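Note that the chains take the letters A, B, C, D, E, F, G, H, I, J, K and L in the order they are written out, and that residue 1 is the start of every chain.
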Amino acid sequence: MSTPTGQPLARYAAARRVGDHLYLSGVIAVDPASGEVPQRYDALDPAAREALRGIGYDTGQLSVDVFEGPAVVQSWLVLARIRALVAEHGGEMANVCRLVQYFTDLRDYPAYNRVRNLFFPEPVVSTVVEVSGMMPGPAVRLEVEATVWLPPGR
Amino acid sequence: MSTPTGQPLARYAAARRVGDHLYLSGVIAVDPASGEVPQRYDALDPAAREALRGIGYDTGQLSVDVFEGPAVVQSWLVLARIRALVAEHGGEMANVCRLVQYFTDLRDYPAYNRVRNLFFPEPVVSTVVEVSGMMPGPAVRLEVEATVWLPPGR
Amino acid sequence: MSTPTGQPLARYAAARRVGDHLYLSGVIAVDPASGEVPQRYDALDPAAREALRGIGYDTGQLSVDVFEGPAVVQSWLVLARIRALVAEHGGEMANVCRLVQYFTDLRDYPAYNRVRNLFFPEPVVSTVVEVSGMMPGPAVRLEVEATVWLPPGR
Amino acid sequence: MSTPTGQPLARYAAARRVGDHLYLSGVIAVDPASGEVPQRYDALDPAAREALRGIGYDTGQLSVDVFEGPAVVQSWLVLARIRALVAEHGGEMANVCRLVQYFTDLRDYPAYNRVRNLFFPEPVVSTVVEVSGMMPGPAVRLEVEATVWLPPGR
Amino acid sequence: MSTPTGQPLARYAAARRVGDHLYLSGVIAVDPASGEVPQRYDALDPAAREALRGIGYDTGQLSVDVFEGPAVVQSWLVLARIRALVAEHGGEMANVCRLVQYFTDLRDYPAYNRVRNLFFPEPVVSTVVEVSGMMPGPAVRLEVEATVWLPPGR
Amino acid sequence: MSTPTGQPLARYAAARRVGDHLYLSGVIAVDPASGEVPQRYDALDPAAREALRGIGYDTGQLSVDVFEGPAVVQSWLVLARIRALVAEHGGEMANVCRLVQYFTDLRDYPAYNRVRNLFFPEPVVSTVVEVSGMMPGPAVRLEVEATVWLPPGR
Amino acid sequence: MSTPTGQPLARYAAARRVGDHLYLSGVIAVDPASGEVPQRYDALDPAAREALRGIGYDTGQLSVDVFEGPAVVQSWLVLARIRALVAEHGGEMANVCRLVQYFTDLRDYPAYNRVRNLFFPEPVVSTVVEVSGMMPGPAVRLEVEATVWLPPGR
Amino acid sequence: MSTPTGQPLARYAAARRVGDHLYLSGVIAVDPASGEVPQRYDALDPAAREALRGIGYDTGQLSVDVFEGPAVVQSWLVLARIRALVAEHGGEMANVCRLVQYFTDLRDYPAYNRVRNLFFPEPVVSTVVEVSGMMPGPAVRLEVEATVWLPPGR
Amino acid sequence: MSTPTGQPLARYAAARRVGDHLYLSGVIAVDPASGEVPQRYDALDPAAREALRGIGYDTGQLSVDVFEGPAVVQSWLVLARIRALVAEHGGEMANVCRLVQYFTDLRDYPAYNRVRNLFFPEPVVSTVVEVSGMMPGPAVRLEVEATVWLPPGR
Amino acid sequence: MSTPTGQPLARYAAARRVGDHLYLSGVIAVDPASGEVPQRYDALDPAAREALRGIGYDTGQLSVDVFEGPAVVQSWLVLARIRALVAEHGGEMANVCRLVQYFTDLRDYPAYNRVRNLFFPEPVVSTVVEVSGMMPGPAVRLEVEATVWLPPGR
Amino acid sequence: MSTPTGQPLARYAAARRVGDHLYLSGVIAVDPASGEVPQRYDALDPAAREALRGIGYDTGQLSVDVFEGPAVVQSWLVLARIRALVAEHGGEMANVCRLVQYFTDLRDYPAYNRVRNLFFPEPVVSTVVEVSGMMPGPAVRLEVEATVWLPPGR
Amino acid sequence: MSTPTGQPLARYAAARRVGDHLYLSGVIAVDPASGEVPQRYDALDPAAREALRGIGYDTGQLSVDVFEGPAVVQSWLVLARIRALVAEHGGEMANVCRLVQYFTDLRDYPAYNRVRNLFFPEPVVSTVVEVSGMMPGPAVRLEVEATVWLPPGR
């Protein structure tokens, strides 16, 4: 598992490049310092919030945001972390050749799907399943594992 | 997720070739037009049914088929779709170098296993887990994600 | 699924080398002859037990070992089997470029994590999820799927 | 309970005007002829679908619509039925002085809230609770009971 | 909550007339002295039982009455109490302009519906939902809240 | 839903006056800024706490207050908010002509009942049911919907 | 299991005459061609519906019929099938010397009991239990096994 | 279902003799007048209690009898009723050629087994299953259906 | 209950012949000495295993056999025991005039059905229900009660 | 377990004095003659009820008392029984040196705590846990085990 | 926890004598070598079995013993172990001044009670509660903690 | 219940000395001011953390500590509080003559056991059970009740 700030949750590597492949650990949205899993829009920076408002989220109405916020916020943080990891190795989102996406509740998929469209210029190879839990606990709504192709010259 | 007819369930790619690898999205047996997940043998073409009868399924007895049909039918459709996707890229089932297979009930494994033997000439590298759900809903019994090796010349 | 002794659970391949990659099937700790899933420390050889005692497990106190034993024992057997498979192809644990780790109860993670540190000299790319079941049944606590990079010369 | 087409589900009255008040029965989205409860966007007319697309629903992607469709479609049908009943008595949505809204799953509230904004020019007095069931069965996601003020001259 | 005998369950008012409206508390069938909730036909007077036999209930067969009795008996007592309260204020059942009906199990609706037809000469504005509990406990099958229109001259 | 501070949870109106009626939205005790639902006595002002101590609550003993606090505190906040809303329109609690009270656990009723006696000089028309949920989440213990009669001259 | 049309669900015999006894398989109401289990009154012929209306069922009101229909319709179909099987062997309902009746929910018994009175001129020896399931699936509400006495001359 | 006093629970026959067979309805221990299902030893006559004390039951200690009483008492009443019915037709317990015994909890079997030994001089043909319910409700612990052979001359 | 070896589980008779009928107790597959319920193919003799392999069972693959084995093995043992009991009284399987078959999970029916075809030359009168338990415990998957017709001369 | 009247529930001793200690069995509020567990205030004598009214219980309002009554009544009876047992041995409540208190629902603690204050002049050493059951059944809300110090001279 | 053979389950003391008291750890019936918890009568020596047969247990009928055996056997082993520990310190069962008895299912109490009568000449001070688990696992049915009074001279 | 800081949770005494015994209330790890139950290592002082690191806990890896932390931290706080209470009365841990230890999940026992070894120089008399809850709520993992022997001169 990798986290938004890059601080590890445990003794593991966030990514490893071998040959033309870059393998990433599954990424979840957890603050490794506090152990908190973000649930609200104020965990995001202004640019992220503006992007999300452009697709109808972050409404400012508590009764709406309380239901949609956790999945939307975590989707953004996870995908932004993947983008940063790929960029560290000289790649971009178009180099992602497969995503395996784990949810604790598939009803979160529509929100994730809209957020993912903001990150990927092209459709991406994708597997989606609902699992019974992820670390570090039940507040986590999704985990995304990316496989990246970084051909020579990258 | 990819589907038997190749029509996408969402904005994602059914497959992507990078270098010598062909990555496939997880495949499920859903009719993307109707959203229906096949449960009965009449969702298959005659050749498929004949093959399944050869291994003891599609008995024509309702009380038997109602229990076995959903897993057998979906197993066939999913594996046939993978075969078609691999063929589109010039490969064959022997090029599949790993399958990750998700079930919503592992009691469906024996049926899947017998069907898989019809598709693969040789034993295949395989991971099997039971998850709590798949898209688009609880009628789905299995999802299969294939990784394919297509060496140069293919 | 692959097993500690290498005897298959079903018709599948424990590993396959394609190009610079070695793909392994998900490994579980089951005795394929008896169908038993080890739960106690006496399923391990003395060297393994000594290593585990070095990190505080295998205490000899029933009320402690009965809770910790199943996860610790299976963690050791699964990782030892992966090490053996990699070695068969001329590699070592440092060649493992990704692990996908499935648990039936994430509370087993701390024990697994301590055992994994005994096998891997360096942090490894890692995905962890909790699923609802694995074959052949509920006594199985974890399954590990490894992807290995074996560059030319290996 | 009243229904979209106005055909009664049972022996009851859809609405009753007494003095300056118009009382409506709770409205659900059920087709009284077939007993079917709409779950998909094709149950709506083109104008409704266009309005819903304007707020991001009815995406045409099965994996998104299958989760959001039931609540969005039923929200539209229920509110359109209320609007029609009020209009039959010479009123408009601004005359609705209270809504009591029952859901079987409050996670449907964000979708309902966005649809309601399309029907009401001004904020409306509102009560929302989650109940354990509505007639005629579990496919029903929401029921709305309106109290209307129709002052003299209306 | 009001009760058949009019003795209060708690410190609340059974009804209140304001302007042309008569508001009634939700009525349940509980004996406030004993706290018992009637379940059998012998809780009713002979005229009530004769009326119920006319629509096929109160069969005298234990295996039938044990399932139907609680809902039928409580339906009668609740509606008779509402009729009495309305009459105390000079009205009749035709003055009831809305009923909100809460059930703990909607399978009781058919019985309630047949009983209600005995009390209301005309269809009535009606809302029905299933809730998870009512006071004073789980033996209660339904609660009915009536809103009444009593125009001047009544 | 309305809240103690009057800041809306969503796009809806806290109250609407039509003719001689004042309709209030269902009121819950949630802090719209933080989304927190008060559970402890320190969420109340000193006068409220003194009143509650007068009827035996707010004992200062953690093991007592932890069980009683949530229902007592929310009861006070909800009823105080209703009183404020009625006062804004020139009325007082005696003008409330019906309360519909939703609980997530009816065992909270005794506490609510004692608090309500502090707010209402006379018995009030009352409906009580237990529902399976309220917004914005499971910390909410009760919701109260008031209907008010404000005759001319008010 | 035998079915209304007499087409078998599996390889079994609907009935067998030995000596003076006629043994019948358990009968359920399933359409063996489609696998559908009838739930609505339109699955019956007009004479059956008229008979059922005579005892208060088949009301034409969706909210009533949706709850009562499945048990009433299946009761009719099952008993009519038994009558036909007995008649094929020269007997009539008075020859039935024992019924074992399985239900998935005993609350269906009152409806079944009223329908059975239409088929049997005299009280019949009867055993009733609630079981956890019947073939081919959960839509089945009851199964009836008849033992028949056909003395010589029949 | 037949009952200890012979008064029917519904419109059915307690027994029917055809040829050399006597078929009995399933017998349960319910008082058809009150609908009560006996749970305590004082529901039995002194001779029965003495017999039960002889095999260690009816201890007079509440904490023992409260657990064992319901099954023991009902076992006695059911078997005594069967004996009476058989006797009415000129037979005795040795004529019973098969018992089908339904329990709601198989842990009641040991008690039933000891009681049955008091009634049957010889081992009897026996089928035992645990079902999910019996009429008239959950207080019933067992139901016994007897088939009796009454050869000519009886 | 009767068992494969004929040793009784309790004080009851495995079979009783009265007139032309042979009544059998319900048969389950339990080893009365050890109390163990067979789950694996090695509980069968070689001839049985060969017969089962002929219909596709007993595959030798743990992951297949672990799911199918319990129901297949118990089906064989139960039916073989019935055949032996009938033979002891001079009959054969064609004399069985009714089977009542209890399962703890109806998903075992397909396997049972295929095994039964090996024992019965002709279709047999059959009742199938799913119950919640059988003796001596949850490892038991099915129980079969046979009624046999042994006309004079047998 | 000891009971309010001192009549034993089983063969055990209510108390035993050894040296300076008096050990009491766990006390529950059950009437050993009837096996009934008191739930209502009328099970108490007038002095007890007056004392309870002084701390706000025994309100006379059914909807309040039905929730609070069982725990309050049983608390009183249990503690009064302990006081009587201690007095029989010449002690008083100040001699109680430890209470272990078992509840079936910890939400009953506040009521118990208020009642206990009426019995103990000084704070008492106390352990509280929630268990899953007590004898003789689920109506029991609490059990209290007291250890008493009776120094010489008592 | 102490065990029948006296071998510890963990690092704790089976008993400690301080002054006139002997405190025992809670005793459970587990074989510390194998970790097995006895469930069958053959875990007992012949004298124990004879004593149990004298009170009606150890019947030799599998269907009876399978239900009663675990609680009876463990009751014997636990109490025998307590007797041995007390004897080691020079006492006898009459010195036990309190037993706290934990069960995982209170339905085991009658069996335990009968066994306890074999060990204690006089009624004993006793507390009984049902808890949700004991070490080392769910096969454990009871745990007994004894407090013993060993006055000077012992 | 006693707490780490000694501030009471309710009106009770943390300890009482009578004769040579010191009785302690059950101790839980709750901060009486905030009502918070510690879950993380930063709730401990540096010396405690160093001691725990010496036995392998407090790893600094979130994914490990999040599972182990709550039980380890609470074990330390509870035992430290007991040591302080005993010291206040002039004793030391060797004077503790019995511990009764309640857990909400017995899987926490291994961690507790390792921590306890840090506090007790010698094995201690010990009872362990799993209960369904403790005050003030579900975050509490364990409660420990100590009985202490303080002979004269202490």
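Please note the rule applied: a contact is a pair of C-beta atoms (placed from the backbone, for glycine too) under 8 Å apart; a residue touches a chain by one contact, two chains touch by 3 or more.
On a predicted model such as this, the values are computed, not experimentally measured, just so you know.
Novice: Find the pair in A-D, C-I or B-C that has over half of its contact pairs, by residue number, in common with E-H.
Specialist: Among A-D, C-I or B-C, the interface that shares over half of its contact pairs with E-H is C-I.
Novice: Name whichever of A-B and C-I has more C-beta pairs touching across its two chains.
Specialist: A-B
Novice: When the centre of a chain is set as the mean of its C-alpha atoms, what distance in Å lies between subunit D and subunit G?
Specialist: For subunit D versus subunit G, the centre distance works out to 40 Å.
Novice: Distance from the CA centroid of subunit C to that of subunit D, rounded to the nearest Å?
Specialist: The mean C-alpha positions of subunit C and subunit D differ by 54 Å.
Novice: Where the CA atoms of subunit F average out and where those of subunit J average out, how many Å apart are those spots?
Specialist: Averaging C-alpha atoms per chain gives centres 35 Å apart.
Novice: Mind pulling the residue numbers of subunit B that touch at least two other chains?
Specialist: As it turns out, subunit B has residues touching two or more other chains at 1, 8, 10-11, 61, 63-64, 67, 100, 106, 109, 113, 128, 131-132, 135.
Novice: Where on subunit G does subunit H make contact in their complex?
Specialist: The contact residues of subunit G facing subunit H are 20, 97-98, 100, 106, 109, 113, 117, 122-132, 147, 149, 151.
Novice: Considering the complex alone, what residue numbers of subunit K touch subunit L?
Specialist: The touching residues are 1, 8, 10-16, 18-19, 21, 23-26, 100, 102, 131-135, 143, 145.
Novice: Per the contact definition, I'd like the list of subunit B residues that touch subunit I in the complex.
Specialist: Against subunit I, subunit B makes touches at 55-56, 61, 63-64, 67-68, 106-107, 109-110, 113-114, 128.
Novice: If we count contacts the way the header does, which residues on subunit H are in touch with subunit E in the complex?
Specialist: Within the complex, subunit H contacts subunit E at residues 1, 8-11, 30, 32, 35, 135-137.
Novice: For the complex, give me every residue of subunit G touching subunit D.
Specialist: Touching subunit D from subunit G are residues 40, 61-64, 66-67.
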